[in-house]
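What follows is chain A paired twice: with chain B in the first complex and chain C in the second.
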Partner chain A sequence: MTTTAPGLKAPSGSRPPKPGPRWAVWIGIAVAALISVYCLVAIEFTLEPLVTNLTNGQVVIEQFLNPNWEFVWRVRDQWLVTLEIAIIASLVGCAIALLLALMASKVTAPTALYRVMKIVLAIQRSLPDLAWVLMFAAIVGTGPLAGILALIMFNIGVAAKLTAESIDAVDPGPVEAAQAVGATGMQRARVAVVPQVMPSFVSYSFYVFELNIRASLVIGIGGGGGIGEVIRVQLASFNFENISAIVVALVVVVFILDQLSRTIRRRLI
Partner chain B sequence: MPPVRSPRTSARSDRRRSMITFRDVHVTYPTGTKGLDGVSLEIPDGEFVVVVGLSGAGKSTLVRTINGLVPVTAGELEVNGRRVDGASRRELRRLRAEVGMIFQSFNLVTRVSVLNNVLMGRLPHTSTLATLVGAYGGANKDIAFDALDRVGIMEKAYTRASQLSGGQQQRVAIARVLAQQAGVVLADEPVASLDPPTANAVMSDLRRVQRELGITTVVNLHFLDLARSFADRIIGMREGKVVFDGTAEQADDRVFEEIYGRSLRAGDVAAAAVSIEGQQGEPAAEA
Partner chain C sequence: MSGHAALARGPVTRPAGVPKAPSKLPKTLGMLTTLAVLLLCIWAVDAPWSRLLDAPSAFADYLRLMSEGVFANPTLEPQRDYWVTAGEAMLESLQMAWVGTMIGAVLSFPVAFLAARTISPAPVVAVTRMLLNVIRAIPELIIAIAIMMPIFGFGPLAGALALGVGSVGTLGKLSSEAIEAVEPRSVEAVSSTGGSKLQVIWWGVVPQAMPEILAFWLYRFEINIRAGAILGALGAGGIGSILSQVFRLRNWEQVGVTLAVIIIVTVIVDQISARVRHRIIAGPKGAASEHRDPVAEMG
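Take a look at the complex of A and B:
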């Protein structure tokens, strides 16, 4: 068997020298392993409770394995509340996010403004959804309003960041054209930038809606109303057969809405 | 080579109002690159000027200083009676409303209709609130339709710009400029992205509306044959300086050799309109 094709130069036989071992990678792996071991020791990690408590929790597990399906339908109003919270929070949150995103991109905002807005959004995003619920539940009391306000804040954080990044990446040509006709900054944003980011923005809004449905559990447990609230109450009264039914239903609902929203998103781009 | 001043153009500039006046204009980019190096020019009202030169010679800079997209670092520049150097942002917006611009890559918003793209030319005459809700008003729409009619693509008004061919897109860009009702039109390599027959057709359109409306036009071109067949006046640039200024007839092969700094090859002037920079081994330093 010959490796030389006709017309090609004969092989000279001198291979390039093999690069040396990548020490950085090995050191990185070693450091990661050391940190993991240290952490396990520090929190006194043990699998013991898994074995010893398994028998103690037998009653709970039995209840969980016999879900009370009828209960899912009995709390239908709370399901609707969850959906309503998600829809309102997505609409309001994303509308505000679009405005903030326009202020947080160097394409549509003066340098000073966009730098400040980037920092403001980063701080705003660093607060998790549960923290927002607890905060708003303390301010306006528990219930759907606290949930809506919390999710709006959460949605602004997600949608504004993603949209601002899309705005950074728009084709600068139309923006330059708008500048060359003497348009003001706001006109440039509306005419040359918003049409370009609209498909991504609508797609992010659907994504945010998906996140909101999924967050409904945490929102309810934190005092924001909806189906999460039901779980909290049932948990407090040890009705595990009701909880397991709700959890299974929640998985199904989230999955269906997820697929629905994903289909719509795919059509947009 | 000292700038050759055509007697014809001089006579014309005496007769007509000067639309664009460069007085010893220098442009230095923040990177230290010299864009323009002491350019003095007078372009009278209604003239069709073609600027030629290698990539990086300052053609693009010359055109972009006229509407303030590139700031002048020294010298004086007056366009349509307005000072461009040292103008405030508001003054620059007023100036730009009167100066249309056509780009190599068309710069249309491809996701919206042709009509909306043309209406962009009416933004200086539309309030911010009306822009936000997209209500341009009947008068502006009449102007936009008239502009589309002039470039012969009125039937495409409600088509998405992305569905048009390159030549059609550049016609929309011309219509956008016409909708501005501008006295000056700048075109930065308007046909460099188009095939030769389409390039010729778009240049013909540009020339026709320029004659019909008497618009002062400054065009950057790479194609020598297009420059010769369409220009009233040709300006040759090299290293930020004007090295030739004369009529299309005066711009013979010898002159082009001077501008490009080397002898012409068959490909440079062939009917296939081969771009000069494509033949050149030097790296393009165009900003």
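Take a look at the complex of A and C:
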């Protein structure tokens, strides 16, 4: 700093002053270290079982390494159910999310409404998918319906947040143009905002769909039907070979969907 | 609007500069296809849709019971017990998520340099990336069931380790992208003064990429809090085990209290984490533009 001040011409070749110690950084590191030590102690962190108890895990791991491929085809109906659950939940969830996102952005909603919606969405997003599926399984009974409802709630949280952020970032030009010709809030949203966020909204929807396929394990274990339900049953009877085959198949499915949605997204944007 | 319509009425009155409206056919077709797929799925899936009719009233009943639990005097039994149980379990979830994130951060940091095209030779990058992709593809709950719980037994340690291994995949990928995106001039400056490869990384790359990498770590912590829930339900401790228990018992007052604890703690932690992330990325003056969450790749 001193070198740029007038009258204080630094001799050529001298070094700029060293920046002082950054207390914020050191305090941050100290706090993080303290929390880390506390957490490590609290959950009794140790890697000892890795040496002493490895043989115990070997049995299970061996079963996992010998997947029972036949089983994947035997539960084909459940695969279809998972796919149907994911499609319904992501379409319905994202459609609702678009409406909520319009209410949760300062571009399209009055200040009071968007503040309230932000809080509602934050609360809604704080519940894990497991909580939603347990709740809906209790209300409508276990099965695909509970899974669909739980995933819809989960999707609203993800898609509404992402879309609201996209809406915050739209080019204000078209919005002002619509306002200048006397468009109401709804009309402004329809002609000036939605067309701008549509590409990213569609791409989020594909992402949400992929998340739903991934989440099918959690959904099924919580009582929401589909392929996760198969996992729950097999887990209860320790058929790890079957679980392993299902998981590998699921990974392949997610991979294919990922590639597919990437291609579609690239064409859309 | 009316003026526009008048212009569009005949080709004679249309001035040369007005372009034709683009065709709406592809959009309409897309919408119709989507709708058809949706209806087909609703018809195909074996779900008792009629139960949706009773659901709102049932939900209202349960919600009333839940709020009775939440708004009852928390110093009396059994509410006191509900709050304490849920609070302790949530604390355990936070500990699990923190340790998981720590493990993920420590392991992914060196791996990220191996996976960065600007730092490592191509074969190393290819192998590391493939490894990261494989880890990312395996759900944490499978890591927990297949590896961690048989070896480390039930409890938060197995959960933390599963979250940690799972975190390496996303953190490694995102960090390596942050490393590749650093501004090359300061890297060249260090190497032009004769810095070794390690010195170039430490003085040229790390200071630039670190804020973003730190933000990823914090973001992953938020995700791990939620991801830990399912591990708990399978026996890895934390809020998930309490949650599945209270729902099974259908003790709605306790369900209400447990959900309240989850919401309060998660919202507070998210807020703090978002503030810290923003401060790290934007600097003390908040000069940099608003940083977008890398949520779309975190899964």
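By our rule, the second predicted complex is superposed on the first by the 252 of 269 C-alpha atoms of A that agree within 3 Å, B and C clash if a C-alpha of one lies under 4 Å from a C-alpha of the other, contacts with A are read in each partner's own complex, and residues count from 1 in each chain.
The rule is simple: a residue touches a chain if its C-beta (ideal position, glycine included) is under 8 Å from a C-beta of that chain, and two chains touch if they have at least 3 such contacts.
Only a predicted model underlies this, so the values are computations on that prediction, with no experimental measurement involved.
Asker: Does chain C touch more residues of chain A than chain B does, or is it the other way round?
Answerer: Touched residues of chain A are more numerous for C.
Asker: With both complexes overlaid on chain A, does A:196 touch chain B (first), chain C (second), both or neither?
Answerer: first
Asker: Which partner does A:179 reach: the first (chain B), the second (chain C), both, or neither?
Answerer: The first partner, chain B, only.
Asker: Is A:187 contacted by the first partner chain B, the second partner chain C, both or neither?
Answerer: first
Asker: Residue numbers of chain C touching chain A in their complex, please.
Answerer: 34, 37-38, 41-42, 44-49, 51-52, 55, 58-59, 62, 91-92, 94-96, 98-99, 102, 137-139, 141-142, 145-147, 150-153, 155-157, 160, 226-227, 229-230, 233-234, 237, 240, 243-244, 247, 250, 255, 259, 262-263, 266-267, 270, 284, 292-293, 295-296, 299
Asker: Under the touch definition given earlier, write down the residues of chain A that touch chain C in their complex.
Answerer: 24, 35-36, 38-40, 42-46, 49-50, 53-54, 56-57, 59-61, 64, 80-81, 84-85, 87-88, 91-92, 122-123, 126-131, 134-135, 137-141, 143-145, 148-149, 158, 161-162, 165, 204, 207, 210-211, 214, 217-218, 221-222, 225, 235, 240, 243-244, 247, 250-251, 254-255
Asker: In the complex of these two chains, what residues of chain B are touching chain A?
Answerer: 67, 69, 92-97, 99-101, 103, 105-109, 111-112, 116, 120-121, 123-124, 126, 128, 131-132, 173, 176, 180
Asker: Using the touch definition up top, name the residues of chain A that touch chain B in the complex.
Answerer: It is residues 173-174, 176-184, 186-187, 190-192, 195-196, 198-199 of chain A that touch chain B.
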